[in-house]
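Quick notes on the structure that follows.
Letters A, B, C and D name the chains as they come in the text, with residue numbers starting at 1 for each one.
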Amino acid sequence: MSEIQKAIKIFHGPQHPGITGNMSVELDLIGETIQKAQTHVGYLHRGFEKLIERRTVVQGFTIVCRICVPEPDPNEENYARAVETLAGLEISEKAKYIRTMVLEMARLANLFMWMGGQAGSIGLGLIPQWSVCDRDYMLDLFEELTGARVYHMYAFPGGVRRELPEGFLGRLSDLLDYYEKRIVVYNNTFFDNVVFKTRAIGVGIVNKDEALKNAYVGQTLRACGIKRDVRKDMPYLMYDKLDFDIPIQTEGDVYARALVRRDEMIQSIRILRQIIEQMPSEGDILQKIPKHRKFILPAEDTYVQTETARGAMSYYMAGDGTEKIRRMQVRGPSLIHGFTLLEKLLVDSQLSDVAMTMNSLGICPPEIER
Amino acid sequence: MIDLASKLENISLELVEKNKRLYKVVVAIENLESLLLKFINEFGYITLDSMNYRDDIEDGVFTITYCLQTEKRDHIVMVQTSIVRENATLPSIHTIWPQAEIMEREMHEMLGVDFPGHPTLIDFALEHWQEMPPMRRDFDTLEFVNSLDPFRGQRDDNLDVKVEMKRLRAEKKALKLKAEQEENSKSEEGQEHE
Amino acid sequence: MEDGFHGSALKCKLEESGLVNTHAIMEKAVRWFQSRSIFVVAYGTGCGAIEMPPTFTSRYDAERMGVVGVATPRQADVIILSGYLAYKTLRRVIRTYEQMQRPRYVITLGSCPINGGMYWDSYNTIKKLDDYIPVDVYVNGCMPRPESVIEGFVLLQERIKNGEEAGWQKYDSNLEFYKENQKRVLGGNVDPSYESDWYNLGDGGIS
Amino acid sequence: MILQIILLIMLAYVVGFIYYGLYRNITARIQGRYGPTIYQSFYDSIKLFSKKESASFGWMFYLGPIIMATGSVLTLIFVPLFNDSDFLRSATSQGNLFLLLYLMVLGPLGNALAVGAGGNPFGVMGVVRGLTRLIGLELPFYIAVVGLIIAANSSDIVHIMDLQKTTGMNMLVHPFLFIAAMISMVGFFGASPFDIPGAPQEVYSGPRTEFSGKFLALLMSQGSIFAFAKLVLIVDLFLGGADSLWMLVLKTLAIFVTIIFIGIVYGRYKLEQAVDFLMKLPMLIGLIGLVRIIWFG
């Protein structure tokens, strides 16, 4: 095996159990140490931004939720808020509360999904089986509320599409009680697992000095001890009226990011409990908006941000005097994490760390290439 | 950030305040880099959040928007400039912000803008792409995809929706008429009996 | 289908005696075993990949029917294409499909592989998957629920049990048609180019 | 004699596969699902045997699985099943522990040859990982075995088994040796945290990446036979052998379930971490046991 001495090229993906979604990392290995890493995307490129130029506002609303598959709701919220900013719509307080609730539910679901991926990336097959099932219970509530498991198309420009079902909030709080019990179990089996600690501590350390300048977002930032969260810095919806805090860690490695995510689960359960208390009983949920052929956006542009479960996601939207959207560009958290940061972190690390690092950065390919 | 306007007097530009956290600055292409550096060094907008591009084909320009964020991530300024569409060229800013490298790579592929001095202008999402850059407005995606991969033919038992609707409506009307006639006939019979 | 069972003496005897047609019986048995054990390589080509984990984990437990996920296409019987295919992905999918060992089957999720779905006018996704590789079971819906994915597996098991003509047989019988379609869309270069040493060592990895 | 050997191999095949099905069932129940039927492994192996084609890369690729199968079958033949019944004690009188320890290494070497012929980088990586791990796994096991040989001062397994009738089970007499041997057994069975060679998230299926159809079926079969042989060996050495088939099944099952429970709650170590761990804790325990035997008899 003389070839193993000189660097060999490995295509880690696109079809690989250890890759997050349908992307590929091209690795130059000596032994199992990575000399050079290069990310390749485009396996999921659908040209959403081109399609949206050909759709009216309401038709585009069915497209945006497909932009990031694991958590569609922040995309819908971003789109709806951008359209409202351009068209000058003001949504009612109840609609705001419901949107906040949907966002937090989506955050919880996605964090459970992430936990499965993170545990699976170190071969701990028990946790994915449990956490994906727990996430499914949240999807059941989504189905009851919006009519769909994954793609909800719920946060409509001008409000939300459906009224809350009878006794929905009660069922939600029951589920939250269950989750609080489960998080203790996961804490014992996964976050305190000696093998996970041995592997995750000191791996994929993000440089704190360049983190802000290079536009790292989300847990990657918070695990370095930098307290940034769109929900606090640029409050939207009801977040300035709700009481929650931003968990941070200081090490900046994979394990710190995992702990930050665990604390965020607890925080969003806390937020949901407040929402259940404060949810206004009456109030219209959907503004009267013009027919979708008459829905004209002015020739202006705007820029909105939402905190997803993986970091800040920004939409740039520009209208021209027609019923079509001139331009809508998505800047997801994965764009920079997947290229600038991942290629930097993987150098001089082991092949075994690739899956773990990608999972802890929360890379979601469909929002890189749209 | 209210004194932004006063600070920017010496450069020829227009400042719009979208809301209390979002500003928009329109600047000519030659002042762009100096303005970006000024934003970094003097006003504390150190983060490049995204580079957004759109194709204003009516004016024959590409409109590029640099979205900068403060260190606290609580204010955003959109620095907007425009370049002519014919062999468009932009100064590469990947030396200022490393994340600009990938954004410029995407813009180069999707819009066909050239970035002199950019290290890696390779394929971003597309592969073996020979057509014009897809995000230009004069690129017709429907025509392209139809030429490459036609639609699936309709099924044999496929029915035209409009025709079917008409037929169903006619049937319903006929049934209604029949029922009314029966009613009338019944009532007439009743009258005859009396 | 019974290449594994090379003719045993008992089989020959029974054949001569003419009492039973061991060939048919053997085929039937082998088909039953093949339907009871299905190794899946899940290629997350699209949105449907998000419904793969629920299908294979503890809530909708696909392993009950002997449906197990494996890592490499060599060991797999079924490849799941979960959603629309971009042209860039189609290259890899064709390569993966040709690395699988016969008998091999294809299950696609979602409406996009059938007729383009909601990406009917997108410049980077294909409309009809069965022009390029043969599809055995379409599970449609956007996106299909785990129950329907499992139902698709059950349908495939039935078809294997009944010994109907499967996609790989179609692929072998009219290979030119598929190859010509692939060339038309992918512009000749179907395989991604590998600069690695390993693929020059005696055709390693390329079936 | 030959008949006995064939019978033995068939028994090991069946029992090994049923154990594997049991393993999948227990895992599924812990994970909160039903899991497959207990005969699922038979279905898998028959299906794989009946695949129409199996990619191969030259004659060495054919040879590798056969060498592995030979290694495991020989291991099985030289392990005595029952205490003092000659039934199925096929070739034990000719062999001893040293031969067994040699035969147990035969499989991985054959695997390495085949994978080298296959020329898949992931496969080669998996083999390199497997051989590196083997060093870490074997040292504690060898220490335990040497301790037993000193204690019994004979390398004949039958003699060690007979000795346990008077002194009692070795796992009680020499607990340190037993713990060291069990920890390395977890690795021999490829359970977490030592399942490094075939880590799906890192190197696909590792050594088995290129194996398909008949080759994979052969690998699975020899794996099940080898697993049964290893279980019986542990029972013979530490649990005082078995008098009847039921006792044998009971004791092997106890060992097997213990290994399952250890494996299910742990993730996967990195290669150097695993070797590091194996070189420290089990080695230390084994050496303590060895010293204990040498000094206090």
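By our rule, a contact is a pair of C-beta atoms (placed from the backbone, for glycine too) under 8 Å apart; a residue touches a chain by one contact, two chains touch by 3 or more.
All of these numbers come straight from a predicted model, not from anything done at the bench.
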What's the overlap between the neighbours of subunit A and those of subunit B?
-> C
Considering only mean CA positions as chain centres, point out the chain farthest from subunit A.
-> D
Where are there more C-beta contacts: C-D or A-D?
-> C-D
Geometric centre distance via CA averages, subunit C-subunit A, whole Å | 32
Starting from the mean Cα coordinates of subunit B and subunit D, work out the distance between those two points in Å.
-> 60
Calculate how many whole Å lie between the centre of subunit A and the centre of subunit D, each centre taken as the average of the chain's C-alpha atoms.
-> 44
Can you list the subunit A residues in contact with two or more other chains?
-> 8, 10, 16-17, 42, 45, 47, 50-51, 54, 129-130, 133
Would you please write down the residue numbers of subunit D that are in contact with two or more other chains?
-> 31-33, 121, 200, 204
Check: subunit C positions touching at least 2 other chains come out as 57-59, 71, 88, 121-125, 196, 198, 201
Touching pairs of chains in this structure are A-B, A-C, A-D, B-C, C-D
Quick one: which bits of subunit B touch subunit A in the complex? Just the residue numbers, please.
-> 18, 21-22, 24, 46-50, 52-55, 63, 65, 67, 69, 71-74, 76, 78, 80, 97-99, 101-103, 123-127, 134-135, 137, 139, 141-142
Which residues, counting only subunit A, touch subunit D once they are in their complex?
-> 1, 4, 8, 10, 16-18, 32, 119-126, 129-130, 133, 189, 193-196, 198-199, 350-355
Mind listing the subunit D positions that touch subunit A in their complex?
-> 27, 30-33, 116, 121-122, 124-125, 128, 192-193, 195, 199-204, 264-271, 273
Give every residue of subunit D touching subunit C within the complex, in rising order.
-> 24, 28, 31-37, 40, 43-44, 46-55, 57-58, 118-121, 200, 204-205, 208-214, 216-217
Would you mind writing out the residues of subunit B in touch with subunit C in their complex?
-> 125-128, 131, 134, 139, 141-142, 144-145, 148-152
